[in-house]
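Across the two complexes that follow, chain A remains constant while its partner is chain B and subsequently chain C.
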Partner chain A sequence: MAISKDDVARRVKEVTARVLNIDAAKIQTKDTFSGDLGAESIQSIELVASFEEEFEIEMDEDEALSVTNVAKAIDFIYDTCVKQGK
Partner chain B sequence: MKEYPLQNIDHPNLIEDMFPHTLPPRIMFDGKIVEEIDGKRVEFDPQQALKRDLCVTDTTFRDGQQARPPYSVAQQAKLYEMLAKLNGTSSVIRQTEFFLYTKNDRAALDACRDLGYKFPEVTGWIRANKGDFRLVKEAGLKETGMLTSASDYHIFTKQRQTRQEAFDQYIEVVEAALEAGIRPRCHLEDVTRADWAGFVFPFVQKVMKLGEQAPDHLKPKIRLCDTMGFGITYPGAKAPRSVPKLIWYMNNECGVPADRLEWHGHNDFHKVLINACTGWLYGCNAANSTLFGYGERTGNPPLEGAIIELCSLRGSTMGMNLCMITEIADYMRSIHFPIADNYPLAGRDAFTTKAGIHADGMRRGDRIYNIFDTETLLGRPPRVSITDKTGVDGIVVWVNDFLGLKGSKDAVGKLDVFKIQKWVMEQYNAGGRLTSISEEELEEQTKILLPDLYAKYKGKK
Partner chain C sequence: MKLVIFEDLNKAANFYPISLSRPVFELRCGIFNLAEKISKRLAASPSAFLCRSYLTTTFKRRAGTVAVNDLAAVKNDTVLMVNGQVKACSLNVQAAGPSEIGMSGDQVVYCRLSGSDTAKIDAARIGVETLPLVAGHNLPIKQVADARFYQYSWDVMLDSPHDITHDFKLIGKRGIEGTIEQPSGIRGSKDDIYVAPGAKIHPMVVIDASNGPVYLSEDVEVHPFTRIEGPAFVGRKSLLLGAKLREGCSIGPVCRVGGEVEESVMHAYSNKYHDGFLGHAYVGEFVNLGALTTNSDLKNDYTDVEVLLNGQKVNTGSTKVGSIIGDHTKTSIATLFNTGSIVGAMGLLMATGEPLPKSIPSFAWFIGGVVTKGFGHKKLYETAKTATSRRKAEWTQDDLDLWEKIYEITAPERDAAIRKGRKQMVRKQ
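On to the complex of A and B.
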């Protein structure tokens, strides 16, 4: 069964909460990773690596690291999952 | 004012005629260089200068030894052999000079000559005393430098002589050299603080006159000694500090041809290399130097720097084996000769970046932060040294370099190495570390955090 966008959104917030050590319930889709959620440079990279692991996908490193907020991350990961048949 | 519209091009203009990367960056000229001398406009043509037999001479074993405890005979022979190998098929490093006063001096000279290299040719160095010629003759040398101090600081204050007395003494020694069949090389000590017209020119003119009847191999040479590093290259600078003017006068008013003229400088004002190399362009063929610039007080022109400068002017390595610069530096360190880590061309960190933004550049292409292909020309690939400032890009460069993954399908990116970067940051944030991360530590973390790649490329888990 193809992945749904709601499922992607839920799991992106869970991964983000785990990596940044914050409460998933407090993460809003408009939040930026570094400005609102306090991700340091290395945590941004860890987030991308963790998303790859969670969704079993491979993302273009430069494109993935240029995504700055949760909503765009959900879109980007959802599109990648669809392209890679997840 | 001319308007310059933006040229939005598809491919980068890397100005590769000047920055070929396979060679040190070219030094190119638009036209002639102009000086005003004696109220007249004088032109110097760099293209004509490059047709001359420009070379480097060495004084590592003379001036270089005045600034440190003596080298052993074996160390001098080893360094001499390495200089010969640095020459490769060229004779760029033309001569090297030795003291002749102690047993150790003479043994070193013999040990070097016994190696049988044609270049660098071995010459001597003596004070301006007739008696010292015995040493030159006994050593069987064809040429010797002799101290002929030029400034009144030396003549009046140090030597307690009149100009006439100094003049006569020097000329007597030059005559003795010619009679003995030894080419004299007059070292005009402190010439950048001397009265050129009142002493230097009369003396040099007399020396050149004495050489008129001598066969070519005995004709006197002149070494211009910028003893205190006062020489300057700025066009229009006044005598006696002007390098261009001094050389012009030597060529044109004193009859010293370029191939019998040599510049010897000191680094008291950080001008030592540019002064020596400027001499090449204005009419002086030889730039005297020492390995890594080590010499009296602040040192002499660094030999390796002069060689790279000549490569840049010529657009060629001229058959030299430049990797020997790295081997000589390694040898010097092994005998406890200090070379600063940030020393150009030979320091441990000369091609190593610690800055994250530079590491990012290196990841995108070696040429961004590498002065030329240092891996091929010097045997020194560009490296990153890992600290808390290097960032994940530095780890990427280090791991790819360490595992030899550059350009391969297994080359790692930021996502692959962020765990190593996290470990690095923990050392500084939690451990209060103040030193760089060592290669051994990074290897260990690579083994732990990238086990598959480590096993594949290093052959063990």
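On to the complex of A and C.
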């Protein structure tokens, strides 16, 4: 069964919470990773790797790292999942 | 006779990561590189070089007027093609003679072609790179039992100390043509020391030539409290900063070296500015080793060092092998390398407090103890461009094309390491 966007959104927040050691319930889609959620540059690398592992996808690092907030991450990961047949 | 020096295409990967960006015969050993040694042994300048095709454009810049992957210059002449991996001291071949191929085991030592046979070569059809291996297909084979080869990069490094002494004699220069400020300490015979014009040796420097010669090239600068033990070679415009340069070091041009270095080879433009130990290492160019970066070169049980090269475990046959570090790789402060580490090119490595894995692929962002995609390989190019411009060298479109090809060649090993790294990273969360 194809992945749903709601599922992607839930799992993106869970991964973000785990990597940044914050409460998933407090993450809003408008939040930026570095400004609002406090991700340091090395944690952004960890986020990309963790999303790839969670969704079993490969992301272009330049495109992935240009994603600045949770909403855009959900869109980008959802599109990548669809393209890669997940 | 026209001399052609060729790369053995079947073996070039044995010299990774150093040979990723240069032909194998450009590896330094002693004072010269392997091609220069062959050229001097045969008392003949090369008319052409043959190497992997993707290296052609960037290597041409260094080859000067010598043709690269182009045999037009030798057409109709008697040609002696010599495998660039042959140890020059073991090369015994007559320039004149019938067409024949010299073999040692399954490796071509040389291929000699008479003018009429050279004329028959259809390089366009067979591919110029593979020519030495196929041109002699129908020729008589002569077994060359005494020929010896460098098979891996550490073979070159291990021969380098001996070759410094050999090459020093070959060059034949002696004496102090630069300046040595007093007080200084010279041990051994002044006949075993050459300080080239423009070289500046500050006070409180010890040059110990009692166990081998010391050659300091033009415009080398040696800061106080440096100790240089021969055999040693330091290339032009290099800077030694209170270094303990133990015996057997061959330092390329425009390097900066501090801390303790022993029996190591370093190509041009590399930095090991600060304290930290580098032993029995082979370092490419534009490498930057952060303060306190240290490698082990001897196992605690004194057994032969094994390395993991191209996914295969290889016994080096030596108890002393440190790190092999590819071009443009940079280490953070306090990076530790285990004995016999193979560190890919264009990497960015952050210390973990423990020795890093023994094999790190090229273009690795090694962060948090795992290989990651990091900020991508294009960001590494930006850093390389900055590093080259800081040393007044050029980073051109040709360099970019070369490294894009290397990125492609090294992808399988790197991708596997990234996948493994992702799993390790998630397990730690």
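We take it that the second predicted complex is superposed on the first by the 86 of 86 C-alpha atoms of A that agree within 3 Å, B and C clash if a C-alpha of one lies under 4 Å from a C-alpha of the other, contacts with A are read in each partner's own complex, and residues count from 1 in each chain.
What we mean here is this: contacts are C-beta pairs under 8 Å (C-beta built on N, C-alpha and C of every residue); 3 or more make two chains touch, one makes a residue touch a chain.
Small disclaimer: the values here were computed from a predicted structure and weren't measured.
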item	value
Touched partner set for A:T68, first chain B, second chain C, both or neither	neither
Of chain C and chain B, partner touching more chain A residues	C
Partner chain(s) touched by A:R18 [first = chain B, second = chain C, both, neither]	second
Intersection of the chain A residues that touch chain B with those that touch chain C	41-42, 45-46, 48-49, 52, 61, 65
Chain A to chain C touching residues, read off their complex	18-19, 41-42, 45-46, 48-50, 52-54, 60-62, 65
List of chain C residues in touch with chain A within their complex	365, 367-368, 372-376, 378, 418, 421-423, 425-426, 429
Residue ranges of chain B touching chain A (in the complex, touch as defined)	391-392, 413-416, 418, 421-422, 425
Interfacial residue positions of chain A with respect to chain B in the complex	41-42, 45-46, 48-49, 52, 61, 64-65
